[in-house]
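Next up: some structures, all given as structure tokens.
You will see chain A twice below: alongside chain B first, and alongside chain C after that.
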Partner chain A sequence: MTINDLYLIAPEIALASTGLIVIVLDLVLNNKRFLPVFALLGVLVSVFFTLALCADISASSNGSMIGLFSTLVVDKFAIFFKLLILSIVALVVLGSVDFVNKFEDSQGEFYGLILLSAVGMMLMAATKELISIYISVELATLPIAALAALMKTNRSSEAGLKFLLLAAVSSAFLLYGMVLVYGFTGSTYLDVIAGAVTTGAVPFGSSVMLAGIALIVVGFGFKISMVPFQMWVPDVYEGSPTPVVAFLSVASKAAAFAVILRVFYVGFGGVNVDWASMFAVLAALSMTTGNLVAMMQTNIKRLLGYSTIAQAGYILVGVAAITATTPDGGIVGLGPSGVLFYLAGYAVTNLAAFFAIIVINNHINSELISDFSGIAKRAPLLSAVIAISMISLIGIPPTVGFMGKLYLFNAAVSSGLVWLAVVGVLNSVISAYYYLRVVKTMYLGAGEPENRITYSLPVLVAVVVVVIGILVIGIVPGPLFEFTEVAVRSLFIAS
Partner chain B sequence: MTLERVLILSAVVFSIGLYGFLTKRNAITMLMAIELMFNGVTIAAVAMARYITPSVLRVDPTATSDGLVQFVLSGQVLSMFVIAVAAAEVSLGIAIIITVYRARRTIDVTEVNLMRR
Partner chain C sequence: MLTFTLFLPLVGALFILFFVNTPRTVRAVALLIALVEMVLASVVFWTVSQDGSGSFQLVEKIAWIQSLNIQYFLGVDGLSAPLILLTGLLTPCAVFASWYVEDRVKEHFFWMLTLITAVMGVFMALDLVLFFVFWELELIPMYFLISIWGTGRKEYSAMKFLIFTIAGSAFMLIGILVVFLSSGTFDMTELAGSTLTNLLIPTQLVFVLFFIAFAIKLPVWPVHTWLPDAHTDAPTAGSVILAGVLIKMGGYGLIRINVAMFPEVTREYSWVIVGLALVSVIYGAIVTLRQSDLKRLIAYSSVSHMGLVLLGIASLGAGKSAVTSVGLNGSAMQMFTHGTITGLMFLVVGQIYLRTHTRFIPDLGGLIVKMPFLCAALVVSGLASLGLPGLSGFVSEALVFLGAFHVWPWPVAVCVFGIVLTAGYILWMIQRVIFGPESGKFSEITDARLPEIVPVVLLVASILAVGLYPAVISDVFSSTLSPLISTRFG
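Right, the complex of A and B next:
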């Protein structure tokens, strides 16, 4: 390991050490209010290193830097996801201050584990070797299991147990797939795998490769909550502390999609297995199942759990809309950049919904949608936030959800998957029913305008930032979309 | 011992683990079943590495140590990491099972179903 290697993982080192420092500070500090401040400082340092790396790779000749026995790659693709995950962490820390202040103990563990999990997610976006991918996936997953069980109540521990058991089984599948791919191609490096696949220098028949790819899809399917590997989602969403669910639903999904894009586009791009069609079918299944079951939900967190399954389906459309490069370096199709754009939009949208729900739950001590009746009179701003977020989740302009879906379905049509785009649009219509039902309950239900719901300044900042994000990216999508295109292009150059 | 037989052994061990996970109701037994699945993977990884080593050396007898690490030892490195991560997973699993037991006085997963309606 050289100094250069350390520089390449400086953002992760900064975040991991902050996580450990926060846990230790929790033991010695009496005033726990400083813990989120330290966590945010760590995120800031990490953002600084990420931006420094970004400037360096822009200056370098091939647009990427490789280190740590060439397992780690820092390119625009990795930078995009690192910045996305760091912003999510910062927002979640801000948005959950009120919630965590109610904990009698383990406040430091909450912030520390979130930071450590984020380290794993950042590494997931930046590794190009199967063993490192596995380690980063585990580093991202295990802290979330601990966070889910953090409240030690009946429901919370049940959610933690379910998440841990199913995550462990899914990583066993993932590993088995990786081992088969390694045996088939003789290497765990994605670029070498791609080379071995195209030259045909492989020790086994392609059926082993097929089995390996299928098992890897199973493993990642759990992480992105894709049908038919979604059964853990509703229970874990309902039982876990709400800030943890907010973090899990956006950050974990973004990181898992980063790995999927890198593994499949860099490693398996030349494989003679039609994985794009498989993703297309899984996308249609995820959207439809998620939306249909969500209609019957009475608990707001369960509803968002099924909604996240449906959203995973929409994002998978972009993975299935296979994209090719032209000889002069241009990109045909918008699939992967649509995925990146949608993930960023989904992050602000879902966080907005969850931040508002965290505050409201904290006051009314109920997660039933019927208990949200008339809440608009008690919390006008938060209700407006939920309404904007639901509109964005449906995909109605001028929100980011509309732009994201536009890009994804456009990509699907331009790569010949018209039927998938039709299924997607139909599903968006179905989803309007249950998303708008929440809004209707909040605004039209009977409720008393007295005892207003109050919240602290950090929560207000987080809510305002995400809402501005939803609207601004929805109205001016250009800059973000250009960034995602640059990011995806670096993925193809690396391959 | 051919590679084929070792791979069949690994698949059998993996499947026994999966069967155990799907049929057992005790959370700790389920963790043990998961451990079995990881062990199946480990066997396959080591066997693959053992199979790839001679073939790589045959193709390129002058392979450098970097190249050897990159191609040959990956399977063995993978198995070491699997063992380490599985240990972490089990320790966290036991911790969570203890909190479930304290809250519920049972670790039977069919009774841990507060949320399934």
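Right, the complex of A and C next:
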């Protein structure tokens, strides 16, 4: 390990040490108010290092830097996800201050574990070697199991245990798939695997890798809550502390998609297995199942759980659209850039919904949608926030959700998957029903303007930031899209 | 100029939401904005009318999303200018119609003005994505208008409206993306001048994708069922805008996209279109005869009248003689005149309902004694609706029949019979509601107040003006439609 290697993982080191320090500080400090401040400082340092790295790779000749025995790659793709995950962490810390203050103890653990999990997620986006990928996936997952059980109630413990068991099972699938791929190609490095495939070094032809690839899909299927590996989602969402669910639903999904894109587009691009069609079918299944079941939910967290399954389906559309380019051939990899754009949009949208729901749940002590009746009178701003995020989740302009779907379905159409785009838009129609039911309950139910729901300044900041994100990216999506395009291009150059 | 006209209502809506508090000032600000908007719309119309070339005026074009070649591209031509005028005309009417709304006043005007921006945007946008954005933007305001301030099964109707429309636009989005894939552009002017080839899916299918979206909005049988519910349960202002301009978006889309971009398919399948038109006109009229709810009656009559728009489009089909623009002109005129006539009808019926608290026709009767002014207005709108010469409805219907007759003689003959049915239900309705014995229940009611008189006068004047001198509108329509027919169908 050289100094350069340390520099390459400086964002992760900063975040990990902050996480550990926060846990220790929790033991010695009496005033717990400084914990989130300290966590945010750590995120800021990490962002600083990430931006420094970004500037360096922009200046370098091939647009990426490789370290840690060639397992780590820092390119624009990794930078994109690091910044996305860091933003999510910062927002989650801000948005859950009120919630965490109610904890008797283990406040430090909350912030510390979130930071540690984020380290794993950032590494997931930046590794190009199967074993490192596996380790970073574990690092990202295990803290979440602890976080899910953090409330120490029956439901919370159950959620934690369920998450842990299913994470273990999915890891087993993932690992076995990786072993099979290694067996046929003789390497765990994605670029070497791709080289073995193109030079024909795989015995019996690359289609023998089907089993390995299928198992890897299963493993990641759990992480991104894709049908048919989604069973854990509603229970874990319902039982876990809501801020943890907010973090899990967006950050973990983003990191998992980062790995999927890198593994499949870099490692398995030339493999004679039609994994794109596999993803297309799974995408259709995910959105349809998620949306249909979501229509029957009465608990807001379960509803968002099924919604996240459906949203995973939309994002998979972009993974499946492998041949998509713009008509003039300008943008190669329209599908993956759509995935990146949608993930960022989904992050702000879902966080907005969750932040508002955290505050409201705290006050009405209920997660039933019917108990949100007339809440618009008691919390006008928060209700508007939920309404805007629901509209964004449906995909109605002028929100980022619409732009995301426009990009994804455009990628699908230009990849020849018109049927998938049709399934996608019809699913948006179905989803309109249940997302708007939430809005309807908040605005049409009878309610008293008295007993206003209050919240602290950090929460207000977090909520305002994400809502502005939804609307501004929804109206001016150009800059973000160009960033995703650059990020995806660096992925292709790396291969 | 167009940007200002487009976003003024939205800016006003946000201003009201954040800075205006008492209901009185909310109404005043909303009215001021609506009046300015009307003036702006008139100026836009006048500009296009003066130019007379039928090409796009007041064009604004800025790159919006460069990587996908999406533009912020606005412009008006002879097809959109009269519809913008119509929207501008109905905006103050809708504000006046909401004058006596007591519940959540601020929100009501916020959503109404937002809705106006969305509708204006649909008529001005010349980029398919921008068009789609405004098309969808209209959903949420209308959803809230119906579900909060409506009557009856308002939540059901609002959801039904939303699901139907969003299902239609889902198909449209696929159509847009397929067109983009083969042409590389979302520019509607460019697409309207080129022949689309090498589409990913057959051209006919793309045509159908767009057609479904617009047919739902128009609405065409058999996808019309959302309309009676939405109309009946919407508040008065909602009905006025819905009937006046929202459903015109469907007709506008059909001409702007289906006819202009897919002329061959329009020709080839005009027999399907004429069939749908026929069913809409006759079925709509027959069902209207059976209605006992005033608003539902007007709603079903809209289905029948919008069938005529479709009939005019079908006149572009392959007939024995050359295609002329008369029928298409009639379609466009029908949209304009139906907007003013039905807008007026809903306005008056809303005011009657405000006083009598019932729209059940058998419960009404003899209203002319207590409110002569409103009843006179209802009679005028009714006569215009059934196509009395001298009022605007006659002109458009005559044009449609004239244009379509030599192409589809028998279907047109049957549709003309629809006019007889229209006369039947309108006159019967007028007889039961206005004349007849006084029911005695309404001894307390009074006639229209000033905020109610103004919009009525405005709309009656426009019905008369267009009826007596139709060229003021139809010349503008034909300035764009005639070149379209001669270049694309010649």
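The rule we apply is simple: the second predicted complex is superposed on the first by the 478 of 495 C-alpha atoms of A that agree within 3 Å, B and C clash if a C-alpha of one lies under 4 Å from a C-alpha of the other, contacts with A are read in each partner's own complex, and residues count from 1 in each chain.
Following the convention adopted for this analysis, a residue touches a chain if its C-beta (ideal position, glycine included) is under 8 Å from a C-beta of that chain, and two chains touch if they have at least 3 such contacts.
Please read all numbers here as calculations on a predicted model, not as lab measurements.
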| item | value |
| --- | --- |
| First (chain B), second (chain C), both or neither touched by A:Asp371 | neither |
| Touching partner for A:Ser428 - first (chain B), second (chain C), both, neither | second |
| First (chain B), second (chain C), both or neither touched by A:Arg155 | first |
| Which superposed partner A:Ala168 touches (first chain B, second chain C, both, neither) | first |
| Contacts of A:Val192 with chain B and chain C, given as first, second, both or neither | first |
| Touching partner for A:Val413 - first (chain B), second (chain C), both, neither | second |
| Which partner, chain B or chain C, touches more chain A residues | B |
| Which superposed partner A:Met178 touches (first chain B, second chain C, both, neither) | first |
| Partner chain in contact with A:Asp5 - chain B first, chain C second, else both or neither | neither |
| Shared contact residues on chain A - chain B and chain C | none |
| Residue ranges of chain B touching chain A (in the complex, touch as defined) | 14, 17-18, 21, 27, 30-31, 34, 37-38, 40-41, 44-45, 48, 51-52, 55-56, 69-71, 74-75, 77-78, 81-82, 85, 88-89, 92-93, 95-97, 99-100, 102-104, 109, 112-116 |
| Chain A to chain B touching residues, read off their complex | 69-70, 130-131, 134-135, 138, 142, 145-146, 149, 152-155, 157-162, 164-165, 168-169, 171-172, 175-176, 178-180, 182-183, 186-189, 192, 203, 234-235, 238-239, 302 |
| Touching residues (chain side chain C, partner chain A) in the complex | 64-69, 129, 132-133, 136-137, 139-140, 143-144, 147-148, 155, 159, 162-163, 166-167, 170-171, 173-174, 177-178, 180-184, 200-201 |
| Contact footprint of chain C on chain A as seen in their complex | 326-328, 330-331, 391, 394, 396-398, 402, 406-407, 409-410, 413-414, 416, 418, 421-422, 425-426, 428-429, 432-433, 436, 440, 443-444, 477-478, 481-482, 485 |
